[in-house]
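Per-chain numbering from 1; labels A, B, C and D assigned in written order.
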Amino acid sequence: MAETMKGLILTEKGKVALGERPIPKPGPLEALVRTTCVATCNTDHEIVEELIMPPAVGRFVGHEGVGVVEAVGSEVQHFKVGDRICVPSLTPSWDDITTQKGWPQFGRGGMAFDWCLTRDGTFGEFFCVRNVDMNCAKIPDNVNDIQAVMVTDMLSTAWNGVEKSEIEIGNSVVVFGIGPVGLCSIGAAILKGAGRVYAVGTNPKGAELAKMYGATDIISYKDGDIVEQILELNGGAVDVSIVAGGPASCMAQAITMTRGGGSVCSVNAFYEDVVIPVASWNSGMKTQTIKGHQCTGGRDLFERYLAMISIGRFDPEPIVSHTFKGLEGLEDCLWAKKDADCIKPVCVL
Amino acid sequence: MAETMKGLILTEKGKVALGERPIPKPGPLEALVRTTCVATCNTDHEIVEELIMPPAVGRFVGHEGVGVVEAVGSEVQHFKVGDRICVPSLTPSWDDITTQKGWPQFGRGGMAFDWCLTRDGTFGEFFCVRNVDMNCAKIPDNVNDIQAVMVTDMLSTAWNGVEKSEIEIGNSVVVFGIGPVGLCSIGAAILKGAGRVYAVGTNPKGAELAKMYGATDIISYKDGDIVEQILELNGGAVDVSIVAGGPASCMAQAITMTRGGGSVCSVNAFYEDVVIPVASWNSGMKTQTIKGHQCTGGRDLFERYLAMISIGRFDPEPIVSHTFKGLEGLEDCLWAKKDADCIKPVCVL
Amino acid sequence: MAETMKGLILTEKGKVALGERPIPKPGPLEALVRTTCVATCNTDHEIVEELIMPPAVGRFVGHEGVGVVEAVGSEVQHFKVGDRICVPSLTPSWDDITTQKGWPQFGRGGMAFDWCLTRDGTFGEFFCVRNVDMNCAKIPDNVNDIQAVMVTDMLSTAWNGVEKSEIEIGNSVVVFGIGPVGLCSIGAAILKGAGRVYAVGTNPKGAELAKMYGATDIISYKDGDIVEQILELNGGAVDVSIVAGGPASCMAQAITMTRGGGSVCSVNAFYEDVVIPVASWNSGMKTQTIKGHQCTGGRDLFERYLAMISIGRFDPEPIVSHTFKGLEGLEDCLWAKKDADCIKPVCVL
Amino acid sequence: MAETMKGLILTEKGKVALGERPIPKPGPLEALVRTTCVATCNTDHEIVEELIMPPAVGRFVGHEGVGVVEAVGSEVQHFKVGDRICVPSLTPSWDDITTQKGWPQFGRGGMAFDWCLTRDGTFGEFFCVRNVDMNCAKIPDNVNDIQAVMVTDMLSTAWNGVEKSEIEIGNSVVVFGIGPVGLCSIGAAILKGAGRVYAVGTNPKGAELAKMYGATDIISYKDGDIVEQILELNGGAVDVSIVAGGPASCMAQAITMTRGGGSVCSVNAFYEDVVIPVASWNSGMKTQTIKGHQCTGGRDLFERYLAMISIGRFDPEPIVSHTFKGLEGLEDCLWAKKDADCIKPVCVL
């Protein structure tokens, strides 16, 4: 086997270039994966353009990827060479007390992208995965690589947040955002029994997909105040709000339009403080559950989610708007998300 | 308005006959309903043939019914004459501490069928409903009477039990029974995100409907041991079992084939003791949640469930196999359920 | 029986005076109570000095009170003349769909103080209670009036919020505030199995009581940054934070010092927006449960809480720092809370 | 260091003898512990007298033990030589998907006692612990060895079951059994806010301890039917039942005397089928949560529980009725539990 691999290196702030890196050797609990498909989300831009994770410089970029197991460490039990696997964007160590406290995603390697800090990213010929038995899932035969790469971050982020939002059958649900995470959130709300689903967004292509995934109403700020529109259509406050896109002010809108005792869950990343408006929060007594959720991850979760694609209950592939090919497609894939027309770009290797 | 109404009276053990009864006057929180559609389930046979609720003699039979509000009591806030309403088979008083303890269905008028004890049943031209504001829901315009009568007991019994079974997206689920409650349970499991759904039953028509409602596998005792078949197909224990039909031994099978930490919920009525087999219960340490559930009821719940039919996410009408007409159809409707070929009979008035 | 009753009337903004009002007649579900003990909290000052509920002008003030049933409405089942009863500060109607959605406290008469809008308050010889069967609890013989009046608002507000905060045995808990609600929150945290309990406050008398109720550490801003002190003492983030006093900035501190996946619950009233600091909220991905809770109320809850005093597991009486007597003591009781030295004033009638 | 260690070997069915065994070497995630205190429970008798786990023959007996870390494997992060540690009776591997499904105790090494199948037990000079970082907790300085050994199985079994029983403040609770697990269950019910606590048992010493730990009533079959006595004292059904001892019929009694919607949890081991009586189970519609619980274990849990002893909120030492000394005390300790007078025997090495 060769000793080096090609991939897209973050060379300096704002710049990437194809280059070579040594092929890593998997540790006892790790797997080396031959990349077959990768994808880009906004966080990649933050890392490349804002250098929010400085150690990433000099390494391959990318945190969403699927592939085929090329080699496994000595202690790996569940995977073997040749397995097609779905690799979560976050791969905590699962050997930490956080696992027992119910937030394994905050364990070692969790909150920060492991590859940024210690490894090469997914935008190369190979990448190495921490604790593969606990983090990764085999991809069912009838699930393709593009579907699977959508699960690594977009779908799992959305679905796990929605799973934790306690939707009851027939509940009214608002989803802020009709990008990839928003669209997957709409789908998850339907999968958990939502009744009327209001999708907030303006992108025409996103709106079309939102309807396809089950949104009953598309709400645009162009038609007036978001909160007022939804309160009127719904005949009052909604049961559950999911914030899957937009600025911090969406949280205030969500809290305002969700009923007392209801649930507000964000699966978004914010870059500014969130303000809870005292007036519409009943002076602090609205008795809602407010969460800023991060996917807990784990093999069980990824197996469950992939099963839904395999059985045919959900297909994330229509969310992919741009498909690139080969190593030379990686940089275009990286920047494609800047295109207003782009919902989700992937690159097939 | 006339002073008497016609309907099917339980005259003596095992016998019914059309007859007349005084039209009741609604109390302050009650409504008088002009019946438009009724349905029969096995409990009606128990009441007529076994006299399990003796005060029912001399009164109209029937506990599933929908209709149009004919008159309302002085304190009714939410309903008015002319409203089409869905009336739950159990109508507790909601003025009891059980409401606050989370099991309103055990409040006054809950556990026992109110009409058997103090009122005429639904198999007549009119019937009177206790605490209509808290118990009943308006039927959406695009939901027909046959769909709505399915919600009064079969669908609400099934769906509420499944809602309380904590299905996670992609979980494997077994449903025992492919009668009306079983079929609605399969549908509810899908609505709550189930992955693979095993339906246990042999009736060919039921099996066909089970597939239509989302069962991925139909399991019959004719093909071998139920537990062994499912463990093999599923590659091990399932996450959740719903017992929606069958004898008490189904509970033992469900406990056996459900994983440690999983959930077993019955929405069935049993007439014999349930045995938890110590061996497959890990000597009492299998850490499952075992429930025998009764629908908690209430307007909110019925509004949520009817909304799902209105939006088009579920249609119970295909479960109705036999439709009768008019007062003269009531007795045939009552006995139709004895026909092996019958899934669910209704009578349209 | 006399036709008028004496009490403390809110005559104009900022002013109160003893006067007479007609004795109300209880409706069918109501009770007339002869007042035996009342208490004051800050909300009374807001109502009197800021007129935040304008209809209160011309009526008796006061929302905390216990007494003896003088008369009951025709539909009352659970109470009879002569019963000593504990009356919650909020008495919703329980005949609303909010009851079924799990937030009865938002039902009719819930969020707003019923007496401000339609009735006289508790600071008089008699007051009338809405839906007494669902709202009130009999006071056990060995619980005195002063203990019981503490349950009407302070203790029930605190305990219900803590009950909803999912404390596990041995969890570390921070309680902001060592006034009456804070002290009851400390006690509730202990009752639910808290391990180390950090009480945040400076009042020396409050601090002494905090220790008596189980706080292991008293944290004062005078000794340095609250967050830093607690993180150091606790060896890292705490499991649960309860905000039972202080300005909105306490919420930001609580979110910061509570671990990922932990719980932050306010039982406070805020008069300014709450800011969730993005940096210590992991950009929205800290996966905490954040609540602004209001007591759900109800007879069951009040019976449970009073039982704990009766059995001897908790005694709120030491929180009462000032005791006044008779009608002529009402005004002093009202203003006593302004005294820096005052923890909780009551007036015994 | 010596190559062999002395301890109590299970030589053949029903027989034990002091003997020597090779000192094991800890694997990468393991620790070797120098035993300081061990204890016996009924399961030891089952293993010795009934050979329910045949591989135990030829090895040291015992599954409850605490000690001092003598050596650690290369990957151990949290413990070092000299640490006093509390070792759970079950030490699963935590590297299995069961961890993610919420029942780690069923993972590799969980359900079966690891030491019976592959290791020497705790009744010797040393023993080796699987995955020490995830399973064990340091013993706080002010917690003695006897207190700590009570946590390894009795206290943790009881407390974890009670934690999962959703006791609300002031709930009425029945605890079946006043042996070590029952006594710890009573204590846990109090720690979680129980109001009235009925302890079922006849042993006078146990009854005395039950009162000390907070039971308000001691119920003996000698005074009449258990169910009738409790229903009368409680004025109706209780909220929660904990079965911590007794035959399978206790489950039927618990289900009968617990209210609809209530919780019944066993932390007991059964050796016969459990029968759910259909009549008192409302034909399967009593809507209770029934559990047969096994402690989920883990360092976090043991740290939390030990903290409660350290802070002074619970002391398990009074449960220890017999204390033996040294290697020569081990066999007496093993059989002491047969003595009717014995609540819990320990042996200090």
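The definition used in the following text is that a contact is a pair of C-beta atoms (placed from the backbone, for glycine too) under 8 Å apart; a residue touches a chain by one contact, two chains touch by 3 or more.
Please read these numbers as outputs of a predicted model, since none were measured by experiment.
Visitor: Is the C-beta contact count larger for A-C or for A-B?
Guide: A-C
Visitor: In terms of contact pairs by residue number, which of A-D, A-B or B-D shares over half with C-D?
Guide: More than half of the contact pairs of C-D reappear in A-B.
Visitor: Averaging over Cα atoms per chain, report the distance between subunit A and subunit B in Å.
Guide: One centre to the other, that is 40 Å.
Visitor: Round to the nearest whole Å and give the separation of the Cα centres of subunit A and subunit C.
Guide: Subunit A and subunit C have C-alpha centres separated by 42 Å.
Visitor: Using the touch definition from the top, which residues of subunit A touch two or more other chains?
Guide: Within subunit A, residues 101 contact more than one other chain.
Visitor: Contact residues on subunit D for subunit C in the complex?
Guide: Those in contact with subunit C are residues 159, 163, 168-171, 188, 190-193, 195-196, 216, 303-308, 311, 313.
Visitor: For subunit A, which residues are in contact with subunit C within the complex?
Guide: Residues of subunit A touching subunit C: 98, 101-103, 105-106, 111, 239, 248, 251, 259-261, 266, 268-278, 281-294, 296.
Visitor: Touching subunit B in the complex: which residues of subunit C?
Guide: Result: residues 77, 94-95, 97, 99-101, 104, 133-134, 298-301 of subunit C touch subunit B.
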